[in-house]
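Let me begin by handing over the structure; questions about it come next.
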């Protein structure tokens, strides 16, 4: 079954990790996908999707207001409409409270909160024109459960989740559904970079901290995004959808 | 009863309706209070009304320099800092849908509330650690944090951002064993608070079927700031007439 | 004048542990206290401790799962003090076992104590609280009652149900000025801890402490002061809330 046939999706931060897995899953399900990312080099990761004809890449820094209009214009020019927005791009800083700077906090707010706000605001009229749509904002389990070194990131993700709920209430009248996805510990490119010289060992050691005793994979988040983007989730809006191997229950 | 006898408190946005009530409450229970607000005249009036052990100072909550100055001035004036209370007060001028909100409007609210609370925690905790006698921070933010409110997206975002910031800062202080506790009070439909206007005509949504007063917030702040709550940290206390339970 | 002067409270399961600590703190705040429990001797001990802090107190023997005992407790309260302002449903039980080893009897036992007990208490206290012009009910849960816990399926189910009862009670009570809140202690040191963990605290106390962000196991008075705040008119606008006293554990 093609669950996203005929739909056009915009996925930010889509050249790596969870975003890339989402782009693959969305294309597989029949969607046309606009993939954005800051790093031209990483765009090579999704060249297969572009070559397949189901996707295009647009370079974007999601914190810059002007670039949002460019991306939306490119989406409409290529595919004529927009049904799904995945605000997936985000940044993380972990530092003890007394080492955090105001610039750190501002970067967290710009990259996780302002970018989501800008994406929703810019896409909104086009979703309305399409007769409604689905917005998926990638938050994090850290937006709900935190740690001492996660202050700036948790605050920004918590703020993003509340923004999502406010948007869900506004969107309900125009058939725009807005949900948060809260990935738990997912073996994304970010984790791989931080994993040190023996990544497999690091991954195995992290497993027992999770009720399901393993780290998640980007594709497992992508499948949850497909569900939220699809009409199967047509009565679901404003939720915090944790995909975390049971971590949020503990 | 003087739970705050010999203690020193700093209240940011102390000239706001909730701020004034918190200042009055802490002072009544024995605290010396520094009332900080961008509105210096309002802060002076609040300090005067709260008694002879209170002083006022101008504060720009979004400025590092201003926080450093105010924290130093508080310790210079009273030799301690036991209690720090922040009150998030910035909102849109009127309810505004996301699609009609400019980035500038959005950021005006988040800068004041979220960056303001961040700077309070960041510099307030460091000052308390320097002093070494422990203390308590109470952040006052909106109950519309884990639930939304159409037309007030930025304010919602601040409510939950401050909620998470409170928890993380609490864990940081607990791990450091610095005897600093960090908690938050969530404001429901309270007369004088932004929520009053946001919920105008919707008192029936509140289980208690009425609004609360700023003194209800002040009482909760006083509990969390006092030694009575000495095993309570990282906790978010809703004062909302049952709103979040419904 | 104390925060609870002029008020009358019933505290169930007050013969030991958190209930005992709460009864003492409430008495210190000026509250008249009816303490209940299954054990006469331990009840007498709590009465002695409450009187030592200047409290006005009676003990009534009660099994919270037996409705007739609730009738008896209410009658004794009215006979002694003539009114009721506050009910602290503190009596509770816990069973920690893997799901496969849990019996239906285990679950039903916990539901009787942790759910039927508070339900019966609320039901029988209700008319008296209305007569007083309102009042407060507090149900003692646990931080485990807010989320899952391995080997805690029966306990979490019972405490989760109790939390829902508290919320529903808050909504229904609002019209009568009856506030209902749920209290969620973390790791609190009581005389019952060695019964579960073993007789030599020094072997496990460091581990328990390390599991709490504040690095300390709480004392019963820490819960008691939260109860006093909630029972007082200071908390007049707080209902349907979950009050955590856990040294930061639930913030993680």
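Here the chain labels run A, B and C in written order, and each chain numbers its own residues starting at 1.
Here is the rule we use: contacts are C-beta pairs under 8 Å (C-beta built on N, C-alpha and C of every residue); 3 or more make two chains touch, one makes a residue touch a chain.
Remember, it's a predicted structure, so these values are computed and weren't measured experimentally.
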item	value
Category of the chain touch graph - line, ring, star, complete, other	complete
Distance-maximising chain from subunit C - centres being C-alpha averages	A
Pair sharing more residue contacts (C-beta pairs) when A-C is set against B-C	B-C
Separation of subunit B from subunit C, taking each centre as the mean of its C-alpha atoms, in whole Å	30
Inter-chain centre distance, subunit A versus subunit C - centres from mean C-alpha coordinates, in Å	43
Residue numbers of subunit A (touch at least two other chains)	146-147
Multi-chain contact sites of subunit C, meaning residues that touch two or more partners	251-252
Residues of subunit B engaged with two or more neighbouring chains	167-168, 171, 174-175
Subunit B-facing residues of subunit A, complex	65, 96-98, 100, 102, 105-106, 109, 113-114, 117-118, 120-121, 124-125, 143-144, 146-152, 154-170, 238
Contact footprint of subunit C on subunit B as seen in their complex	1, 166-168, 170-171, 174-175, 177, 188, 190, 207-209, 212-213, 216, 219-220, 222-223, 228-235, 237-246
Subunit C - residues contacting subunit B, complex	3, 167, 170-171, 174-175, 177, 186, 212-216, 218-219, 222, 225-226, 228-229, 234-241, 243-248, 250-252
Partner subunit A, residues of subunit C touching it in the complex	147-150, 251-252
Subunit C-facing residues of subunit A, complex	145-147, 211, 246, 248-250
